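One chain, chain A, links the two complexes that follow: it is found with chain B in the first and with chain C in the second.
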Partner chain A sequence: MSAPGLVATALRIARKDLAIEFRTRSAFLSALVLSLLAIVIFYFAWDPTAVGPAVLAPGVLWVTFTFSGLLGLHRSFGVEAEDGAMDALLVAPVPREAIFLGKALANLAFVLGVQAVSLPALALFYNLPVGSAAVPLAAVLVLAAVGLVAIGTLFAGVAANTRLAELLLPVLALPFFVPVVMPAAQATARLLAGRPLAETMDWLRVLIAFDLVFCWACMVVFPHTLDD
Partner chain B sequence: MTDSPSTAASSRRLDPVAILAALAVVAAYARAIWFTPPERVQGFAQKILYVHAPAAWVAFLAFGLTALAGAGWLFLKDERLDRFAESSAEVGVVFTTAVLVTGPLWGRPIWGTWWTWDARLTLTLFLWFVYVGYLVLRGAIDGRESRARASAVLGILGALLIPFIHLSVYLFRTLHPMPVVARPEGPTMPPVMLKTFFLCFFAFTLLYVALVRARVAYAADRDAVEDAARG
Partner chain C sequence: MSFAPVVSATGLRRTFGAQRAVDGVDLALGAGECLALFGPNGAGKTTLLRLLAGLARPTAGHARIGDVALPEAAARARVGLISHKTMLYEALTARENVRFAADLHGLADPTHATAAVLEALAVAGRADVPVRALSRGMRQRVAVARAVVHAPDVILCDEPYTGLDEVGAAALTALLRARQAAGAALVLVTHHLQEGLALATQVAVMRGGRFVHTAPGRAVDPATFAATYRSLVA
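Let's look at the complex of A and B:
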């Protein structure tokens, strides 16, 4: 299948997943509420007179995104478990790379949707001076989300075929999230502190390199994770 | 590939490689403890390195070979490669655990701290996480082929992850100046220590081979029993 055909098929799969999610909204709402709760709980987990909220915020943001993201990722293959939907998808004349790409795109929309609500909530609760940092911050969020989703989608597919299912996903995925969360949190901290953009460039390069390598690698190995 | 009963029976005899490995380990540590002088500055604490460094070498070797065997399995679908990957990963986790235990024991008297987020320490810790996850994943899949498939993928991605963890931890450290700690290198090693050091590396590599051989023999027996039960 040609590259445009692959993308078109992937978009159809993504639209299907998002349509299911939009009708129930169950995973999106739970991920959203989880991240809002985490933001609130983290605030009270530290002594605000010792550590300022603006210092805490980047860490809170990324820990929250990581864990709420896992909630949506697990669901992405969970919906295919019912009525042998996954088998139907595999039997369909669709390249397996397109299945991966479609699932990943739907997950990306999911994660970015959660971020779009919880980042303003964080700025509000922690009284953050987002202001001029908004655009580079959005770039960091998108770059990190792409990496998290590529890894997360692959391992969600792997974990769905095991006895442990949702228990296994964090064990497999979290070590791989480290080179995403660390640069993202460091870049966020510098942007929120009003430091020049040049100081975050090294971190952004790590994020871009990770995205390129792992998006490619996950798409290539994904077909191997499925039974013939 | 099916296993003949002879391989199952031979695994119960003592493996000559295992005997050789045991002798080498005993000889290497006899030399390290009694016949190699203690380091002038670090004293006896330095002798931990005769365990620590060879164990780290074996851990990296084991995980590298696991990834290679996994990639090989994806192409050849030979069960022996998967059994080797399984065995090598398990032995690798044991040696990584030894690295993570002996490191702080040495670090406390020499660096003055049990743990520091140095690039190499952090990398080893995450390697341990990835391969414990690898073993958990293997335990959670029943079908032999799907198990081999999923673990080959994880092994390959794990190998890709290592440079990224190294890079991000390195950046983290250089952008955030930390209290200066003693570098592990120290002065160049006198020949008598170097010889002991190489002997320990050799002994541990032999030990790795012996343990993997035993573990592979077990895996082959287990699969043979499974096949026999299925008929």
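Let's look at the complex of A and C:
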């Protein structure tokens, strides 16, 4: 008997979390409904004679993804708190970094799933020319999702140990989302406006830099959040 | 031949602010020994178990599993924790919950180990039912299976009989006896003197974070101990 390594353990934890979400679908459906409702509400509040769709859509996109993602992030540690399951995870001989990585991978799948449904809906409502910018836009979405998930997973773990987890998570996480959402929104705006790809590259580099910093920092800090 | 404890603690202390939940506990259990730990609510029993499981860090002192200090992963790998909380995922089946624990411990044949422990606890017939659809007693059996699937050297039990009917309680006692006979050390926290004394090789009464009474378990007369216990916790 030898304890599995960090990546193998993380994959098992991610698979377990996704299996639970697949069976209950509670967080995914909630996030999807919230996302679609936000798109619809923004659409009916929009005056197309005052603001063009390519100007408004990046803001709508990132407000929608940021808040809908929070639902899944909260849920990821909620399942561990239900009947003390976190204790069983912590007694097992697994590195705490593997718990973070596993939760983050499952959360990434969750956020990308919400994005995969919401983005076509947004393109449909705002008649956006996504086709020509599809590949770089997908890269922006994935890179931003990585950063948001790293930060969100850390703070979901912190908030899960409190009685006000649902309220505390957005308060803690949203300020740290800003450095990720800002370059993502800027890059999205340029791509949807049909600007040359070169104009987007600087923002993509900023996004990648924040991803690296946040992924490293969150994985280092996370184990300390679990101390009793 | 020297005594080599499977689980030991020296000067173990845990404070929460000014409150000393565990206050200088020493213990040493060898292979096949069982410490039955009694005490009123708030005596520090659960905190002591959390320290011995590596779930909480001591304010002072240290605990070891074999010669490895907690909370090292190598020490935690030899511990099984049974609590009044089931520590299960309700959306997963009993088999999936136990298999997940077996996977985390890196068992060579997790499928077989999972099936064997579910069989031993008479859960095999309901193994593929989601935990949320199981009765409280059946969930507790699955929780026990999850805790012992890796055949731990130390089994920490915090009110393990919670929710179990007679059949379930008998299956748990048989399983704990079998693990004890195989060399596992047990720490059994319970409010039920008979259940605790049935397995104990040592007994201790805890109050205010300290052991206020200890005795060899085999020599304890249940009636006499009950009277002693009542006087100690009154």
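By our rule, the second predicted complex is superposed on the first by the 223 of 228 C-alpha atoms of A that agree within 3 Å, B and C clash if a C-alpha of one lies under 4 Å from a C-alpha of the other, contacts with A are read in each partner's own complex, and residues count from 1 in each chain.
We adopt the following convention: a contact is a pair of C-beta atoms (placed from the backbone, for glycine too) under 8 Å apart; a residue touches a chain by one contact, two chains touch by 3 or more.
Source: prediction; values computed, not measured.
Asks: Have a look at where A:Trp203 lands relative to chain B and chain C in the superposition and call it first, second, both or neither.
Replies: After superposition on chain A, A:Trp203 lies in contact with chain B alone.
Asks: Thinking of the overlay built on chain A, is A:Glu82 touched by chain B (first), by chain C (second), by both, or by neither?
Replies: Touch partner of A:Glu82: chain C, not chain B.
Asks: Quick check for you: in the superposed arrangement, does A:Asn161 touch first (chain B), second (chain C), both or neither?
Replies: It touches chain B, and chain C stays clear.
Asks: Quick one: is A:Pro129 in contact with chain B, with chain C, with both, or with neither? Answer first, second, both or neither.
Replies: After superposition on chain A, A:Pro129 lies in contact with neither partner.
Asks: In the superposed arrangement, does A:Gly52 touch chain B (first), chain C (second), both or neither?
Replies: neither
Asks: Once the structures are superposed on A, label A:Ile20 by its partner contacts, choosing first (chain B), second (chain C), both or neither.
Replies: second
Asks: Now for A:Asp227: first (chain B), second (chain C), both, or neither, which partner does it touch?
Replies: Both: A:Asp227 reaches chain B and chain C.
Asks: Which chain A residues come up in both lists, the one for chain B and the one for chain C?
Replies: Common interface on chain A, chain B vs chain C: 227.
Asks: Taking the complex as given, what residues does chain C use to touch chain A?
Replies: It comes out as residues 50, 53-57, 73-74, 76-77, 79, 81, 83, 85-92, 96, 100-101, 103-108, 130, 146-147, 150.
Asks: Taking the touch rule as given, give the residues of chain A at its contact with chain B in the complex, in rising order.
Replies: Listed in rising order, the residues of chain A that touch chain B are 151, 154, 158, 161-164, 168, 171-172, 174-176, 178-179, 182-183, 186, 202-203, 206, 209-210, 213-214, 217-218, 221, 224-225, 227.
Asks: What does chain A use to touch chain C in their complex?
Replies: 1-4, 9, 12, 16, 19-20, 23-24, 79, 82-85, 87-95, 227-228
Asks: If we count contacts the way the header does, which residues on chain B are in touch with chain A in the complex?
Replies: The touching residues are 74, 126, 129-130, 132-133, 136-137, 140-143, 145-146, 149-150, 152-154, 156-157, 160-161, 164-165, 167-169, 171-172, 175.
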